[in-house]
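Below: a set of structures, written as structure tokens.
Presented sequentially are two complexes of chain A, the first with chain B as partner and the second with chain C.
Take a look at the complex of A and B:
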């Protein structure tokens, strides 16, 4: 593959990876938002840093799949802790989430600073997982991220009916004999997977924006779940590409924060101009 | 000894104050007969080497950051603040190389002698990266770094007047060694074909090196390892490597090489295979006992790596 239509090779690789991740993160994030679990993804994303450093310490390798595998284990573990704390200590959801988020992030930062203070060879660059580092993605990394995104979207498509039911009416779903707990865990695991896949793009601190902002923006336009999924995916994809294009055109502009800003702009547009719920529509609508 | 004891009292107070921020702090040590040597703490391996060359065994030298540590991002642990507080002399590199230690060193300067060697260099010899901000990687110009020996000798003499003449002499000898090395390095770099004298590395640590030895230097990241390389920077460098037909790019021991891998792949896609020229020592010297444990060893090793990488066949 060489430059395509004048677009440099590295830009193409990064754009392909980030677009796939942006789409899948938007789709999966819808269930987190609908189920009112948006912050759980944030807790998981902050935990990934500890997983990245631990994976490096255990394996001594620094390739993306190894580090992301570590990040995924940490993300799932943090969500497990979240459930455990909620069930066993009568702590409310928001407090439990804040607890897991801050503690797991603290572990990550402690490991990272311990690593840099000891000068372990090859440890340089792990701190890039804090804020993301798209520019260094190679073709192999891009394929890994695209495959993860594809699998996640396919799983969502296969379980669309179950996921929708659990998201809107868990009590009814349970009464009808659906394994609500299991479906819930599956959804949470999918969110964790996309948080991890989004790490190279936006980093541990910002990646939650990829699973929260596009669904919230999409929700402004529609009440139908399938439409919302596609819209959220499209918004996530557009934000991701916007970040990559800006970073490719402007020297020394970081991709991750730009992606988040583009997503936020799309949310503002949605909140203002969506036909039913939009601010403009509500202004012109006659008083009830 | 009234002065000495009040000074060590001060240190106890300071380290106790600093200990409030940390958990583990070794208690104040009374100055015993065993450690009568002046205690000198150097921040980086490069500075520690300079102190070692000038002071020999007349001081107890402690290096804050070991080999392989990136000084730009280094944060002091409570144990480090204690080591610093107990020093008779602190020798730093300066010019914001120890970015996150800056505040601590400034505070320390109120009670301990702190010498920032690079900041003693004449301003016109420094490379300005932004208004009022200078590139700190001065040790890659051996002749320029030789000027740093004298301020270290002066600081050591103030601490240990009995050794003043020895420090003076050792500093002069070391400066002469660096000057001879400087000529040697320049001659080696000159053997690279003129069009290929371009050094592409992970971060911009080699500007003084480039200026001193007439080789163009391009870094993927900025002068500090903290700044992120954007996609635009990678694309620009792929263009440069392909246009100039460079046979190799280089990575550094203390900085991530992922950017350089992306760069290689981008050049490959445009039909140009770029070799990894090898690892260069940048902000830290090699492990103790190796050839690269001294600055002269590192400069020789780097130049050998660069010459071998860039002189190869097209």
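Take a look at the complex of A and C:
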């Protein structure tokens, strides 16, 4: 089993895994968007670069699980900083987010350029986490990513009722005894997990697109949360696959930008042609 | 119906409650006892802390001092007997849920973690929708309802909670006359069934008509008791002192209050 219809086995496994990542990212991203936390995910994704480089510096290893563990720690730490800044300095949400995003990304870039300036052996290739490059993934890496995606989707399915309640009306949820803070943290952790899992494919700069664009596009087509989750998953899946195929066909093409472009195209189609909310439908029927 | 042993305790008891947002106190030394059953209005000018009073009772804001008991117990022990209708503007009405989805949320606490609503919960939700007159809109997206209909969806969700004590935050704000009448009738029925309904309300004119008990709040408790005894010209003047804009409304309210008494 080395090839299927002329496509190398490794490429197939990677494509399947990245498709799974795209699906899961679209699904959890829905709650990030519905809870109006899309920008927090952006800050977390930019922070992952520092986590990847730091993980390499600390452990001296450059296998994917190690690097992504570092990325996850950095993502969670950046979200922690965000909460801390908001609570302790009365800085508004958007300003705090921009602050955390730029500083954490700056740290990542500084670490990365410091690394390459000193020519530390084995550091080459870390810059691929900037824009994403799936060609470098091994089949074992791909399986890890697929498993993470599967777990995330299963958790969201199990907690669909709780997540929807807290996203729609946190005050009512709290008043009827639900631990709103805990559910919120769980949702943020799930989004962070998918940002990290999407890192090899989309890169630190663009991976938020995977958790934001598919949900926003999916929202155009439906008025129900479960349908929105499935559609966002499908759109994320299509975008991720498009990115993988393009970078498999075009040597040295980064995957991240391609993924974003496919997702953006699907968003434009949704925004224009969705039956109720689409631009065309609203032109024809202006009363809404 | 509440069990007789519990009914002996006041449904709501505030003991010297103070609430502050940061260093700014919003409620000072509130002592308030409300007995079930009843339809109880909390009135006062804007920024008087009326909503905060409800949120304190529901455990949504921390107390800077004092304590609150519901049915003689701490909130955590009786949470399932409490229903809540938040202010309408606090949620995003463009959220992708329909009317039935929202009303079903009233059954979630009883279901517990991870269990989905089944036929029994749907039946309860449908009955609640029937009661507020929205049974035929169950499948409609919530953004496509009028303000009054949205408020009635929130009320139906609270009815699906099947509580003994209800807290409603400004349920008549931005609501058409027909919905207002409907909502007040449902609340009145809840009282008849032996429950206590506590309503933060802004309209002095309708207050004396509907509420049997009332509290006037302006950061401190100005007066509390039977509506007729509380909504007196003197008390209203003390509560709304400095709020010129309501003087006109005050005149009409006093006139109406006198008639009801």
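Following the convention adopted for this analysis, the second predicted complex is superposed on the first by the 278 of 288 C-alpha atoms of A that agree within 3 Å, B and C clash if a C-alpha of one lies under 4 Å from a C-alpha of the other, contacts with A are read in each partner's own complex, and residues count from 1 in each chain.
The rule is short, and it goes like this: contacts are C-beta pairs under 8 Å (C-beta built on N, C-alpha and C of every residue); 3 or more make two chains touch, one makes a residue touch a chain.
Source: prediction; values computed, not measured.
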| item | value |
| --- | --- |
| Chain B versus chain C as contact partner of A:44, first or second or both or neither | neither |
| Chain B versus chain C as contact partner of A:158, first or second or both or neither | second |
| Chain A residues touched by each partner, larger count belonging to chain B or chain C | B |
| Chain B versus chain C as contact partner of A:172, first or second or both or neither | second |
| First (chain B), second (chain C), both or neither touched by A:231 | neither |
| First, second, both or neither for A:134, with chain B first and chain C second | first |
| First (chain B), second (chain C), both or neither touched by A:25 | neither |
| Partner chain(s) touched by A:14 [first = chain B, second = chain C, both, neither] | first |
| Partner chain in contact with A:101 - chain B first, chain C second, else both or neither | neither |
| Those residues of chain A which chain B touches in one complex and chain C touches in the other | none |
| Parts of chain B lying in touch with chain A, wherever the complex brings them together | 65-70, 73-75, 77, 222, 225, 227-236, 238-239, 253-259, 261-263, 265-266, 269-271, 284 |
| Chain C contact footprint on chain A (complex, rising order) | 34, 36, 158-159, 161-162, 164-165, 167-169, 171-172, 174-178, 219, 222-225, 227-228, 288 |
| Chain B-facing residues of chain A, complex | 1-3, 8-11, 13-14, 62, 113, 116-121, 124-128, 131, 133-139, 244, 247-255 |
| Partner chain A, residues of chain C touching it in the complex | 55, 58-60, 76, 79-80, 82, 84, 86, 90-92, 95-98, 101-102, 105, 108-109, 111, 113-117, 141, 143-144, 157, 161, 167 |
